[in-house]
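Pasting a structure here, questions to come.
Read from first to last, the chains carry the letters A, B and C; within each, the first residue is number 1.
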Amino acid sequence: MGSNLSQIIECLLFVAGEPLSAKELARTTETETDAVEEALLALRRRYDSGCGLQIIEIAGGFQMATRPEHAPSVGRLLAPHANRLSRPALETATIIAYRQPCTQADIEAVRGVSSDAVLKTLLERGLICDAGRKPSPGRPILYATTADFLHYFGLSELTDLPPLEEDEDDASTMEAMTTALAAAGVSGEGDA
Amino acid sequence: MLAAPPTVRLETFEGPLDLLLHLVRVGQMDIFDLPIARLCDQYIAHLSAMESLDLSVAGEFLVMAATLLEIKSRLLLPAPPREETGENDDGSDALDPRAELVERLLEYGKYQRMAELLKGAEGDRGRMFFRDTAEIRDYVLPPRFGEMSADDLLRTLQRLLASVGAGERAVTSVRRQKITLRMKMREVLLRAEAAGADEGVTLEELLPAPPFALLEVVLLFLALLELLKVGSILVAQTQFCGEMRVFFVPEAERAALVDERTEEGLTIAGGVDGE
Amino acid sequence: MGSNLSQIIECLLFVAGEPLSAKELARTTETETDAVEEALLALRRRYDSGCGLQIIEIAGGFQMATRPEHAPSVGRLLAPHANRLSRPALETATIIAYRQPCTQADIEAVRGVSSDAVLKTLLERGLICDAGRKPSPGRPILYATTADFLHYFGLSELTDLPPLEEDEDDASTMEAMTTALAAAGVSGEGDA
């Protein structure tokens, strides 16, 4: 087990402190992306059979990580992870993730509260970034999520985010709502 | 039911919408047919509880209270005739005063749920550990083929030759041709004599300055041995592996020295004798 | 394969950037040193069967590391710019190319500095090789360029090097050589 390419990829994933895409792996190993993907598959299979480590697809690439069930032991060795995000920060990050690029005003319209401090925190932690200016009066800053955002939440791509939907309870009453609102003269379709 | 909510929860509301959604959920209100009067009362009760606890109530909460009161009052009024709604959008039925609030609550609720999901993802991800990028020091990669051109070579040689200029000739010619054993012997003898019979010259001083050709060092040793043999010099060492000094022996004393072969101070000469 | 303790140790060795002793591992995993050593043995056996990584005993502890044979790939990933020859190395290679076979003294005569380290580098990188001994006092090693050297500079044969009229005894040789090379250099193609 362990073709040479698999072994080299294993080494690369081990030494890299960040996710490596199949393309990057192909470039470094001077092989075709197809071969890399095949080797990755074999490697992941090997890691899934009794290894304490795993190779996960995260933030647009592949990265070696410890398996979650060993977190308590690893946590005893290492300092625990940085503080988790506060609820406002989580909410704000979520809104940006789904609406990006969007302005502070867009975020505040949803949250109903000022989001200055929270945006600053997210920027400082590198989870969001300045993605240019909106061509509207005042030219407000547009925010977008970063690769670190994906990494922080263990997502491979933005499309991994679950579709933004109504809660099931609400969904069941969606028709009722539509009817009710239509009766009130409001279109039931919000913007998602 | 008039909720007297647990005070501990008060500070956790992130904004008026958060508080409203909480009230809707806890009170199991139908969000699509909001009992505005009840919601409004509970909301204002919360605000006063917050104030009584000296929690600073943000402006947004107060604005929302005003909005709720306004909706409540509008619901109490009979629906205005269609003409009086003026420029109101589609000109169909009058707008339910609650509609905008409901929409905002629904929208905010969606993101809240997603934020909950992401919180779970954050937790899952938090149980995985990664490594920092490995540091590599002093690792030299094997060459990549065809990476440099012959021009690089040429340019390098040009630069080298230009900077060395005539210097190389002098150095190489000395090393390759001009050093002979006889020359070296002469040099050693002269230097030992110049140093004086008492002082002597150290072996280190006699060694050529680096970078030196191996040949030159070999010649130095051969010269020393040869001079010792004929008794022109004396080599002394005060301690084992210590500094070696080379002393000039005046011509008058040479024959005697060669004959006597005194043990003292002839460490090197002793080795030669064996030959 | 892979007992739980082995897997946990695997995780710990993975995240720790330094060697961990069996004692430290025992403390962190809250087990006996004996058990740790046994688990380590099993782990090392697993890593020795077709893994690109290895667990080495180093500096009084155990550490996870890439296998040496994969160093070129790892180096390419981590130090993409470190693979160029340094200026001293290039100079030395040039002298050897034109004067081969030649001794270290010959090279030093041109460069005017000690060339020990540079020769070692060039030998390690396979651009030059030991081409016997010079039949002169001290029998110094003679160096010559290799096929890899040609490859590296995009040459097919040594004769592709611009010709030099080398006459060591002629006082005007240096000037002549410099001129000849300058001419060759100017006429040289941009990339070879």
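The definition used in the following text is that a contact is a pair of C-beta atoms (placed from the backbone, for glycine too) under 8 Å apart; a residue touches a chain by one contact, two chains touch by 3 or more.
Being a predicted model, the structure only gives us computed values, none of them experimental.
Asker: By C-alpha centroids, what is the most central chain here?
Answerer: B
Asker: Could you pull out the chain whose C-alpha mean position is farthest off from that of chain A?
Answerer: The most distant chain relative to chain A turns out to be C.
Asker: Please report how many Å separate the Cα centroid of chain A from that of chain C, as a whole number.
Answerer: 40
Asker: Measuring from the mean C-alpha position of chain B to the mean C-alpha position of chain C, what distance in angstrom results?
Answerer: Computed from C-alpha means, the inter-chain centre distance equals 23 Å.
Asker: Based only on mean CA positions, could you tell me how far chain A sits from chain B in angstrom?
Answerer: The computed centroid separation for chain A versus chain B comes out at 26 Å.
Asker: Going through chain A residue by residue, note those that touch at least 2 other chains and give them in order.
Answerer: If we look for residues of chain A contacting two or more partner chains, we find 14-16, 64, 66-67, 74, 78.
Asker: Would you please write down the residue numbers of chain B that are in contact with two or more other chains?
Answerer: In chain B, the residues touching two or more other chains are 129-134, 136.
Asker: What residues of chain B sit close enough to touch chain A in their complex?
Answerer: Residue list for chain B touching chain A: 12, 14-18, 30-33, 58, 60, 64, 89-90, 92-96, 98-99, 102-104, 106-115, 117-119, 121-134, 136.
Asker: Can you name the residues of chain B that touch chain C in the complex?
Answerer: Interface residues on the chain B side: 129-134, 136, 139-158, 160-162, 164-169, 171-172, 175, 210-211, 213-215, 218-219.
Asker: Which chain C residues qualify as touching chain B in the complex?
Answerer: Residue list for chain C touching chain B: 11, 14-15, 17, 71-72, 74-76, 78-79, 82-85, 87, 90-91, 93-95, 97-98, 105-106, 108-114, 121, 124-127, 136-138, 140, 148, 151-155, 160-162, 168, 171, 174, 177-178, 181-182, 184-185, 188-192.
Asker: Would you tell me which residues of chain A are touching chain B in their complex?
Answerer: Per the stated touch rule, the residues are 14-18, 54, 56, 63-69, 71, 74, 78, 81, 84-85, 87-88, 90-91, 93-95, 97-98, 110-114, 151-155, 161-162, 164-167, 170, 173, 176-177, 180-181, 183-186, 190, 192.
Asker: Along chain C, where are the residues that touch chain A in the complex?
Answerer: For chain C paired with chain A, touching residues are 1-2, 6-12, 14-16, 28-29, 49-53, 64, 66-67, 70, 73-74, 76-78.
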